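This is the structure I have questions about; it appears just below.
Going in written order, the chains are labelled A, B, C and D, and every chain counts its residues from 1.
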Amino acid sequence: MDEIFMILTRLLMGIGHLALIVVAAPLVQGLIKKSKAFWQMRQGPPILQPYRDLRKLLKKEELVSEHASWIFLLAPRIVLAGTLMAGLVIPGAWGWAPFSVWGDLFLFGASLGLVRLFLTLAGLEGAGTFGGMGSSRELFIGLLTEPALLLGLIVLAFITEATSLQGIMVGLQSVSPLDISKILALIALGMVSIAEMGRIPMDNPDTHLELTMIHEGMLLEYSGPSLALLNFAEQIKQLLLLVLLAQIIWPSGLISFSDGLLGTLWALGFIGVKVAALGFFFATVESLFVKRRLFRAPHYLATGTSSAILALISLWIIRGQI
Amino acid sequence: MIGISDNELNLVLLVLLVSGLIMVYSARVKNALNWWTLQTVFVSLLLIAEGYHNHAIEVIIFGVLLLVAKAGVIPILLRRVLKESKTEWVGEIYLKRALSLVFAGGLTLIAYEVTEPLMALHSGYRNGLAVAFALIFYGLLLMMARKVAIVQVLGILLIDNGIFLAGFFLTQGMPLLVELGAAFDILVGIVIIGILSKQMLENYDSLNVDHMRSLKG
Amino acid sequence: MGNKESQSFRQLFMGLSIVLAGAGLIWGTILTCRGGDWIKTGFQLFTEAGAGLSLTWKLDGLTVFFLFILLLGQGLSSLYALGYLKEYQDKNKSLWPFLINWFLFLASMFGVLLADDGFTFLLSWEMMSLFSFFLVLYEHEDPQNRKSAYIYFVMTHVATVLLTTAILYLYALTGSFAFEAWAKAVPTLSTSQLNLIFLAFFIGLGTKAGFVPFHIWLPYAHSAAPSPVSALMSGVMVKVALYLFIRLVWLTLGPGPVWWGWLFLLVGALSAIVGILSASVQSDLKKLLAFSTIENVGILGIALGSAFLARSWNNSWAMNLAFVAFFWHTIQHMLFKSLLFMGAGNIIQATHTRNMERLGGLLKRMPKTGFGALIGIIGITALPPLGGFWGEFMLFQSLWVNTAHLANGWSKVFLPLSIGVLALVGGLSIATFVKWFGISFLGQARSTVAEKAKEAHPVQYITPLIVGGLAVLSVLWPSAILALINLPLSVLRTGDVLGISSALGTPLNLSSTYLILLILLTVIVIVLSKRGIRRVTATWNCGGPLTPSLQYTAGGLTNPIRVLFTKVLGSHRHVEGDFAGTQYTLRSLTYEGKLKEVFEYSFYRPAIGGLIWLSSHIRKLQAGSIHLYLAYLLVTVIVVLILGR
Amino acid sequence: MFIGVAVIAAVGMLFSAKDTYLKLLNSVALVLLTLSGGWTIRKTLSQGSYAYGTGIFYWDALSALLLGVIIMIAVYVILFSFGYMEEEVHEKKFPRTRLKWYYFWIWIFMATMLLVVSTPNLGIIWVGIEGTTLATTLLVGFYRNKQAIEAAWKYVILCVVGISFALLGTMLLFASVAPLLGQSLSALDWRMLPKVAGQLDPTLFRLGALFAIVGYGAKVGFAPMHAWLPDAHSQAPSPVSALLSAVLLNCALYAILRWYSFARLTALGPDFVGTILMSFGFLSLALMTGFILLQKDIKRLLAYSSVEHMGILAIGFGLGTKEAVWGASLHLLLHGLTKANLFVIVGRLVQKTGTRQMARIRGIFKVLPYTGMIMVLGLLSITGTPPFGTFRSEVSILSGLFKTGHPLLGFFSILFLTVIFAGFLYHFLQMLYGKPSSRHQPGESVSTLALAIPLLVVLFLGMFIPQSLNQALNQVVKVILGGV
């Protein structure tokens, strides 16, 4: 009896988790846009603008390239779904993730990989130049980010001796925020997530100047609902990365029912503040730097990877195991 | 057991050795042939002497046969070939005559060196064996350092003499059957080589073996 | 033979092969499900051969697992060949060489798997090489194929030199060919002897498996062979070599020093990186697949290495994980690689070209093949939800466990680094297969042959779909695969895998959950976004008309990779612009990119050159002058006389 | 008795040059030869050894093995040479009148070889071997063109010199035995020798053995005395090449083996001669790799491979372990069959294509499919690839090499074999595929496949060795190793 109850609660919580992600994603996007505008001394669009954009796009008529096949229409759906799957392993507001078995940190990277696969395929669908260009660069940057991401997470896993993200978060609570290897890993993850979010200096989310764009290049052929889904997926991905980083910087542990509604709400507010702060931080970074050319990307990401490796070494050195 | 003393024996050996050396050194094919004939006569005489001393009639007969066949038939045959082919000079290759003489000296030393452990034998015989080996080596030297086919034949014959001598000193006569077989083989061999050299003349119109280097690698 | 009868022969032979495979599978499954104790004991069958060289066969859990792989591969590729061979038949090319060698090849692989002593193994091993060589040679009209076959056969033979040496050495040491005798005698051997034998085995088998740097032959052979054969070679034959690693090194030579494990790990990582890098810059349909085979072998090598290390650090959990990963990945790679080769085969038969630069837009013309290929690339790039991922998942985990449970030492740094390597490989493989699929199936046709392409014979697209179905099934029902994997694990004396199913089961059951959830979400999204009208228009191209030449080419798509890894790939590019007088108006631009196989050019060619040089000097001995020969004779006599005294 | 058959046949050949007459006579001779030979072999193997008359003729397992090889190959080759020589006559290679001489010399050659394997006397063996040289010289030079004569000359000169060394060796042996066995012919009888082997004067005997091995070795074609071999094999008519390569070399080796088998018992110890054999064998193997790798002439290729295989045999016998000798004896048989078949088929090929240069032969499968198939079989067999019997024999030889503690030698031997394999494979692939040149005469009948019979035997022996053969080989091992 209570088994079924357990399963049901799990299911409900999972749906709640996803729902929260889905709702929050555009908001974060708006927030970041706003803060960029702040640095650029502009008014900027209202925070809720992304919601409106999505709604408008969903209503619009959709244009499909004559060369495109069924993958063209399938890709956005799978991209969104894959991003959500990645969301299932990220511990949310209550420090709880629907999927939490050992090794699920690999699942996170892999799901993003699936997303990348379909995005790049979609980019090739249009038979145009820019789509191909976008896919090519996305693939390039993607293969450079993967090691840094995985190594960074692995280091955290070693620190907390758990390979599920939830376990890591729980474990991190007992680790001092100034743990050197943790900070190094954090740097790695930060650089990676800038690349993953497609922000300066890797990519420029706002531009539509053909020769510089990566992510936008792949989306060039899309319009209407499909475009909405793709943008939405991108926003969700961004949110997930922000949450991940936030949880690592200042982990909020598991909130059980015993803490009651207040505790739950408090956790919600807490994570909201953390994510907002991070978003503002990245907006600042974006306003301070300029986009690099493609072949500087390796240097940038190599820095990330090497800092992850340093984190690993420092970890063992501190533990006196080397 | 053969009725002559060591000194005489050594004298004979000396003659054989020198004749071999002269064959190596000689510049004309004819000379070499003559010296070989002389050598053969001496060898067969040794055999006959032994037979006489042991009253072994069959050995004497064999020696006489040998004398006739080798010192008689073969030289004539070879002379005829020489006349046909109008060859006069032994063509030197790799080694000039003087140098080959030096080599011959070296080979003689080797021959003595090789037979050195055979101290068990009677000293005179040991010398004989060493000379025999030396003659064999000379023959090979002659064959490898002279161009003309006939000289190579002479080389074979020289080797044959050497072997015969060795057999003589080692065993006082191999079993007759083998001896005959050996001698017969040599004769047939010479005949066949004669046929070949005839054909060589037809094809190359000279007996210079060195023309035949088309088969390589 | 006439067209008609060759058709009947084709159907007869391939049908027979399929039936045999099916029967074998069913029989095996029944016996296995009936709690096969007999598997552990094994049965032996002697055949009279004189002088103590007797052929002995044995069957145990390990063999059963690989027999399963073999039979599955045989069945599938035979089914595919049934359709594929039709083209040759239409071209009135005699099928006999193919059919006969096909059967003999399969038979010899069975022989290798069942062999229980060195001699039997050598015999069947050589025959395996021989018949696969003939199969590679089947399309001998193209001199390039002949060259490939030649390289393949010679390299396998050079590898066999080491194998033979090691086996005969063991024979000399133990006085027997039987594997058990070796295993018994190993403790008596000195470390140096063991290491020598190990190295010989490593290189000998590694060549067949395609470890870098012994991999040169693999891209040649696998791309030259007819597609069903490529499927069999990539899917099964390579695995047979890996099987022998376990049989001869793990089970026979025993634990051995730690560095063996490191060697496996290192070579595995190297193969993975080099393989996938070379694959990513290929523009030849089948060469690309062949290189990716090298990559996957590398991954399997890493798994083996992890297992070896775990064994020498007696960390049974990591070892189990590593082996589960190994066997799981073996199955999955077999499925996906044969699937992809079948897809490539269809494309080649439809367009008669292997060059991706001339393909494009095939998904519209051959939709079913395309769908199968899509499943294939998701699987081969080790992405969830398909099985390719879950293997690597467990490999990651085993490496992690290995590291975490290690007391101390630099190993704690190097092992995780191999995780990083795997991540890099994953990223590269995504790039590679996006290229493979995207360039050939998506966009618009780059040549007329691609435009005229027709969907292949039904058998040829149904078979890949079956394979894909099996792959999905293996994810939906992982416990079945686990039960299969349990057989070899019980032989490897690493305890029962189900014993740790509490730890292992969850993630693997997760695989089905993941798949279902993903599909569910996708469906939901599709349903939700099903509003609005669609209109088909031209692709936007800054207003200009869109010609095929404006598409990104295969070379272009992965050019960044090529530029970044120029040294490793030995890539040379040569761009020539013809400016009409001024430097502003460009009349024509020619781009030529070349890839030199670094290992081939840095090691193999010099070696061969040296050999040729040597023998050309030896040949000078036979100068044609009889005087010289007589001199040889004289010298020989004298030397022998002097030495002989 | 079969010697008589051979001699009579040889003489008979001279009476008439009529084609039918020659064919008839040959066939009859072959039948008689097979019958009497087969009978002798059976008798020998059944009772271990068989003496004829007053022991002038004597066979044991070893002689029986050689006898079998000689007869099998003789039948195969002579039957083949009917058609072959006919074709040659048509192509005006030589006048029809010389055909009878061809058969005459062939049968003399047969007689000498049969004499070699039938006599128990080392002296007579020497006579026989010398006889083979003389009998084959004119066969080698049969075409009477420049190259043929050159080859014949080199052949006769080198071999006669070599053989005379063997004679010297025999004399030294006699000298060391005579004191013990008396000055009679029986002193050289290898049935007697083992009895006194212990008391031989070692110095004399050592010298003798050295000379004998070098002498017969020149005839076997051990490197570096092999120089005559490729020339002779490439210039002789193909059937003759087959006989030379498959039988003659084995006969010379047989002579060495006789010396070897009792030299093991003397004061020199069992390994003295063995070591020399092994070093010659290894040298041959090593040098031949170079010649084979860069060969241009197909018949020379085969000739060099014969030298290589003689090297393998020398290694195998020289090792003197039971297993190695077993393998070597088997290899002797298999190599004979394979090489005969290859020379025959290549002879046909050369006839059809009109060239021996492998560079000029292309696309055999297109023009002569059956020849192509047989060539593939031959290639696999000569390179010791399973499932052919040569693989098994080579493995047992090599394993002997390892067992006696020469792993390094073993490794290099395998390596050389592989390089040789690569060379062969390369040349044959080049010839089998590609675009045939216009000069090739296409088309042939299925009956060509009949020529593959020896190879099929080798194939069969690779998969299954009948008990009788196995026992015979074990007897041979006993003979050579002296009851080990």
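Here, contacts are C-beta pairs under 8 Å (C-beta built on N, C-alpha and C of every residue); 3 or more make two chains touch, one makes a residue touch a chain.
What you see is a predicted model, and the numbers here were worked out from it, not measured in a lab.
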{"item": "Other chains in touch with both subunit B and subunit D", "value": "C"}
{"item": "Chain at maximum distance from subunit D, centres defined as averaged CA atoms", "value": "A"}
{"item": "Contact-richer chain pair [A-C vs B-C]", "value": "A-C"}
{"item": "Distance between the centres, which are taken as Cα means, of subunit B and subunit A, whole angstrom", "value": "101"}
{"item": "Between subunit C and subunit A, distance of the C-alpha-averaged centres to the nearest whole Å", "value": "35"}
{"item": "CA centroid of subunit A to CA centroid of subunit D, Å", "value": "79"}
{"item": "Rounded Å distance, subunit B centre to subunit C centre (Cα mean)", "value": "70"}
{"item": "Residues of subunit C whose C-beta touches two or more other chains", "value": "619, 622, 626, 628, 630, 633, 637, 641, 645"}
{"item": "For subunit B, residues contacting two or more additional chains", "value": "114, 117, 140, 143, 209, 212-215, 217"}
{"item": "Interchain contacts (touch definition) - all pairs", "value": "A-C, B-C, B-D, C-D"}
{"item": "Subunit A residues within the subunit C interface of the complex", "value": "58-67, 69-71, 76-78, 80-82, 84-85, 88, 99, 101-104, 106-107, 109-111, 113-114, 116-117, 120-121, 124-129, 131-133, 135-137, 139-140, 142-147, 149-151, 154-155, 157-158, 161, 163, 210, 220-221, 224-226, 228-229, 294-295, 298, 305, 308-309, 312-313, 316, 320-322"}
{"item": "In the complex with subunit C, residue positions of subunit D that touch it", "value": "153-154, 157-158, 161-162, 165, 206-207, 210-211, 213-214, 218, 224-225, 227-228, 230, 276, 287, 289-291, 293-294, 323, 326-327, 380, 385-387, 391-392, 395-396, 398-399, 401-403, 405, 407, 410-411, 414-415, 418-419, 421-422, 425-426, 429, 433-434, 464-465, 467, 469-470, 473"}
{"item": "Touching residues on subunit B, where the partner in the complex is subunit C", "value": "93-94, 110, 113-114, 117, 137, 140-141, 143-145, 147, 209-210, 212-217"}
{"item": "Residues of subunit C defined as touching subunit B within the complex", "value": "619, 622-628, 630-631, 633-634, 637-638, 641-642, 645"}
{"item": "Sites on subunit B touched by subunit D in the complex", "value": "114-115, 117-118, 120, 136, 139-140, 143, 149, 152, 155-156, 159-160, 163, 166-167, 170-175, 177-178, 181-182, 185, 188-189, 192-193, 195-196, 199-200, 203-204, 209, 212-215, 217"}
